[in-house]
Amino acid sequence: MARRLRLGMVGGGEGGFFGTAHRAAARLTDRFELVAGAFSSDASKAARSAEALLVAPERSYGDFRAMAEAEARRDDGIDVVSVVLPNHLHHAAARAFLENGIHVVCDKPVTTTLADARDLGDLASRAGLLFAVTYTNAGYGIVRDAREIVASGRLGEIRVVKVDFSQGWLSSPVERDGNKQAEWRTDPARSGAGCLADIGTHAFHLAEYVSGLQCRSLLAVVDTLVPGRRVDDNADLLLRFDNGARGGIWVSQVATGQSGGPVLRIFGTRGGLQWKGDDPNRLLVSELDGRTQIVERAGPQSRNPGRLPPGHPEGFVEALSRIYDDVADRLMHRHDAAPVRSPQAPMPDIADGIRGLMMVEAALRSGGDWIDL
Amino acid sequence: MARRLRLGMVGGGEGGFFGTAHRAAARLTDRFELVAGAFSSDASKAARSAEALLVAPERSYGDFRAMAEAEARRDDGIDVVSVVLPNHLHHAAARAFLENGIHVVCDKPVTTTLADARDLGDLASRAGLLFAVTYTNAGYGIVRDAREIVASGRLGEIRVVKVDFSQGWLSSPVERDGNKQAEWRTDPARSGAGCLADIGTHAFHLAEYVSGLQCRSLLAVVDTLVPGRRVDDNADLLLRFDNGARGGIWVSQVATGQSGGPVLRIFGTRGGLQWKGDDPNRLLVSELDGRTQIVERAGPQSRNPGRLPPGHPEGFVEALSRIYDDVADRLMHRHDAAPVRSPQAPMPDIADGIRGLMMVEAALRSGGDWIDL
Amino acid sequence: MARRLRLGMVGGGEGGFFGTAHRAAARLTDRFELVAGAFSSDASKAARSAEALLVAPERSYGDFRAMAEAEARRDDGIDVVSVVLPNHLHHAAARAFLENGIHVVCDKPVTTTLADARDLGDLASRAGLLFAVTYTNAGYGIVRDAREIVASGRLGEIRVVKVDFSQGWLSSPVERDGNKQAEWRTDPARSGAGCLADIGTHAFHLAEYVSGLQCRSLLAVVDTLVPGRRVDDNADLLLRFDNGARGGIWVSQVATGQSGGPVLRIFGTRGGLQWKGDDPNRLLVSELDGRTQIVERAGPQSRNPGRLPPGHPEGFVEALSRIYDDVADRLMHRHDAAPVRSPQAPMPDIADGIRGLMMVEAALRSGGDWIDL
Amino acid sequence: MARRLRLGMVGGGEGGFFGTAHRAAARLTDRFELVAGAFSSDASKAARSAEALLVAPERSYGDFRAMAEAEARRDDGIDVVSVVLPNHLHHAAARAFLENGIHVVCDKPVTTTLADARDLGDLASRAGLLFAVTYTNAGYGIVRDAREIVASGRLGEIRVVKVDFSQGWLSSPVERDGNKQAEWRTDPARSGAGCLADIGTHAFHLAEYVSGLQCRSLLAVVDTLVPGRRVDDNADLLLRFDNGARGGIWVSQVATGQSGGPVLRIFGTRGGLQWKGDDPNRLLVSELDGRTQIVERAGPQSRNPGRLPPGHPEGFVEALSRIYDDVADRLMHRHDAAPVRSPQAPMPDIADGIRGLMMVEAALRSGGDWIDL
């Protein structure tokens, strides 16, 4: 490779942790160089962030539209932008870059409405631009191995897919106590939905990504358990998949004391598997007779080993960096860069982003009834 | 104590593992002596079992009715009988003993229909007889500690209660391959229901027993995933409790490769707890801020330590023996022996048995709609 | 079987937990009946214990010698006695019963000196009497499976054997605060040695029992870390086995906060295994290439499944009961009842007891030098 | 900060995984820019590596001496060099850079002899240059929290420190089958020693770093268990610390099937802690009475939380990056850049490197006798 891809970022100024994670992930690949940004709508904060990140002052922009247009005009303009804004701004920001011919990496949920997500999908497709969505769990090497194990038929026909994702950080109404993360994530105008949008989309993607199945319909019971909260904070979803498999998702942000990441379990006619986000380098794979193997990242037969041998655990940033590597792989070979359309593909993309919103909207509409996706 | 309680057993002849477990549990307490039985409907098998168990030939009966009547007439007749038959025989057998003034310990599900369960409850109540139901998990010392932790208010007001109980031993149609356990458990005439009856009742009891809450309504999606099977083998239940808490139960016997016992999680406004049936001597208890403690059986502050100090794990038989100890405690003090009516009581009883059948019938009837219990 | 074996007990009166465990274990097998005892040197305590245990007053003895002689004279005298006294009394008590033709089950360490242990071995051998030593870990089904896995050659030639056994209950000088267990276990006159005798013998037996190897020499560094304590409370042993394998044992009773049982690891040229006493129903077995399997008690291929299917955990009492079953198996078939002489045998016996004392004496003598066993 | 530090690298060409890890760690901090390297002694390989890493051809050097001199002459010469060569080349390479006034980050073991390590320490000290040694475990946030927990006195006076570090990748003589890593690591001329140098130095550093104690003397039994191997592959060390505490280290590279990183346990008069390298985001902290808390990275009270909230696991590269951050912190504030002299300091440095070699040489010399360090 002759050069690093030129990366821009929208959002991710001082204080937000997800911009930090994205930049770290991009750097980890060594295939991106952060050269431009609209890091904050607060001008002085934007400037400070740019300086701290060694972005040239003339490429630190006041808003994403100006940035998209200016970068598009430069010979050395950015190849790709990372959108790490609050959810309600994803659509407009991503749109601005797509309209200017710039590839997009966008945090999940990709938008706050399904219509917006579809709009981005259409636009990316028409423009022939890549649109990655950072469902980070799909970046763990062992999760990709899990996906391949299912695809190989080792578990037989899949019958049951379950994901639990429970956190406790919103067990109290911390959004009223100055917690910035809580503030926007519980504001329906900015977040779209509560735990469904924030972690439900992760859980749903993980279920489809690893199982290789598509959910056809769902029944949801969605609750707000902290009085006065304006979004859902606990939800149960029952799922039916295209092959007839059953499934369930439980997501909660009022699971007091929990902080452990998603737990995925898949059961087929011949075997089962389990993966836990707080122990992300291992997979349990069981046979019909109960024999269970601990499958380790980078162990024998691993097809997604990552940088380091077993015994050197991969963390969250490395998972995210694998998605940035997916992006770089595709942009290095433009014939692959067309949007990938199915949840079966290694790189989570706008198609997966759209499915996330299909789930959120269906769940919010369900009220305990079955809804087709 | 001047003597051991005289125990009879119905069922539990050669080959069945649950009779073995019950006898072991009763012996472990050293407060029961097995003196009579109707171990099998097959006369020669019954005789062989009696001989092996050192039960006198004249107290080895051909059927439970004969046994109940004969034992009631003896001066040294049994005090209490353990019913470890297939589910469809529980009602008639338990009835026969209650009618003859004999206390009953009965395996779960206590009957195959709610009407039958209520009938037993009425009869036990009128007769002033004790009726224990062996929800074994409720016998683990640490599960009782968990119950007291919730009752103490340490977790605050409970908001969410979840139980998963997944097994894989019915992932194939083993009932057609001569597996006796599978045969009767998948025969609706003998089992009443499938996984709902067999392990769903455990899960439901555990949820109510530890939380101290009562489920008011449920929505269930109940499936048979092995083609040709005549009972449910996978079910998802969503629950609403009397205090407004939400809950969920997932039970499956097609969770290929699994054999781990129930997993219970309870979350309140101030804390959460988790217990796993395959690691039954430990409890995780979390605070609002994420601090998590490993609470060990017989550790500091344990109120249900059991026979041995920490570091000497309790197993399943010891849990079951704690329920036999409950029985002995009550029968030694007859004023306590009246049926206990609520799931809050330490000894699981016919009231809990009735609730199990309420759940099973509601779940089978739900078809994805909310049903009041 | 026509009758239960008649069991006597020496020690195990009110308050001691090990008598409780032994009685529970014997009952669990359903092959023993407790009919006689010298439960305490305190006459009124002995009488109360006998009454509570439903032992006839005339078979409640004031001392073990009187008991051994009286029982030997009875037609219905005990077949076997369990010795659960403090260590320093094991030798005299066991001797009294052997001299009177009564089989012995004795707690570990079998004596306080190697000479005494050998004396018992000689006596049992000459008298043709069975002498079981309750190294309880050797009673877990999965530990026996582990032993067979090693014996099968699946791990190849064994190179390294490690056991850690750490407890924290003696981290403070609780022997001076009225803790009865601590009092006698830290009194050299009654215990023989400290953690070496109490848990070191367990660790050493486990190493030899599962590996099938014999330790040829050891180097030990033995410490007393609580000031003023009169016995060792922390010890490191390096081991050399007969096949050239290396090993190590760390035992400590000042491992503050620990209560988890022994941890055993064995590595050979082709595989390795790990077992943890606080998770006693599972074994990890690894291959040369790092593949690791969770081997579960009673799972496929298990040869020591126990009473119940997987998912019904075995605890400590069940492990101990398997040794009582070993005793009953042998006494039911007298041609097998001769003392078994090697650590390879399933039932831990006086030969294993002798080896335990060889280890203790060698360790105390080592002072950091290699000592042959 | 006005600019990134200019980083050079010696070693780390195609195929070696440790250069990859170091570059990733440095990038992760966003405080270094790789601008020069002598990536391989094979000129075409060096050139290919430089190109792949976007290092300008004129700053891709044929050997470290040429690089050190050339870079020292440049206005934009490197600030610091990472030495990721095989062990036997560390001394000469590090010396070349120190002599040219360039700060050094060096992999462990810092040299192959204690004399060489001391020579580097003297030189760095005289030159006032920073010399970091990448004991990576010391970079995990939770390990630093552990160190602070011990320092706070929460565990009381430390009595016992244990580290196990076992791997299985050298269980077979893979060095004869073309495994490059195995080849040089088992060649005494290139590695200095076997598992003692490779992972023993990690274990020893971890023991001293977290406990805050210094080892005063050790007794070691060092073995080569794979026939024909030229270095040690299994070693047991017993330790005595300056405060009288006891300790032990077991390191093995023939622990067949293992790949899990170090396990550290520390016990004091008031509490204990445990950390496992394969679960690096959690710490178990126990009290005297057995209460045990799971302390999570970035949880309440964490002082070394890292980039992301709990639930987003840190991996090995992030641990290594924390050491690169230590370097950047010091170089940004030159008054702190003097070599830090004690194992108590957060950044592992040449003083720690020297202690590692003291341990290796003492262990190799011990032959089962106590050796003062």
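Note that the chains are named A, B, C and D in the order they appear, and that numbering of residues resets to 1 at the start of each chain.
Definition applied: contacts are C-beta pairs under 8 Å (C-beta built on N, C-alpha and C of every residue); 3 or more make two chains touch, one makes a residue touch a chain.
Because the structure is predicted, anything quoted here is derived from the model rather than measured.
Listed here as common contacts of subunit B and subunit C: A, D.
Among the other chains, B has the CA centre that is most remote from the centre of subunit D. Between the chain pairs A-D and A-C, more C-beta pairs are in contact across A-D. Centres computed as Cα averages put subunit C at a distance of 43 Å from subunit D. Between the Cα centres of subunit A and subunit C there is a gap of 54 Å. Subunit D has its Cα centroid 34 Å from the Cα centroid of subunit A. The set of subunit B residues touching two or more other chains comprises 169, 259, 289-292, 296, 299, 310.
Of all the residues in subunit A, the ones that touch subunit D in their complex are 1, 3-4, 17, 20-21, 23-24, 27-28, 30, 52-54, 167, 169, 259-261, 277-281, 296, 299, 307-318.
Those residues of subunit A that touch subunit C in the complex are listed here as 284, 289-294, 296, 299-300, 310. Residue ranges on subunit A touching subunit B, taken from their complex, read 155-156, 159-160, 162, 164, 166, 168-169, 171-172, 219, 221, 223, 225, 234, 236, 238, 246, 248, 250, 252, 254-259, 265, 267-272, 285-292, 368-370.
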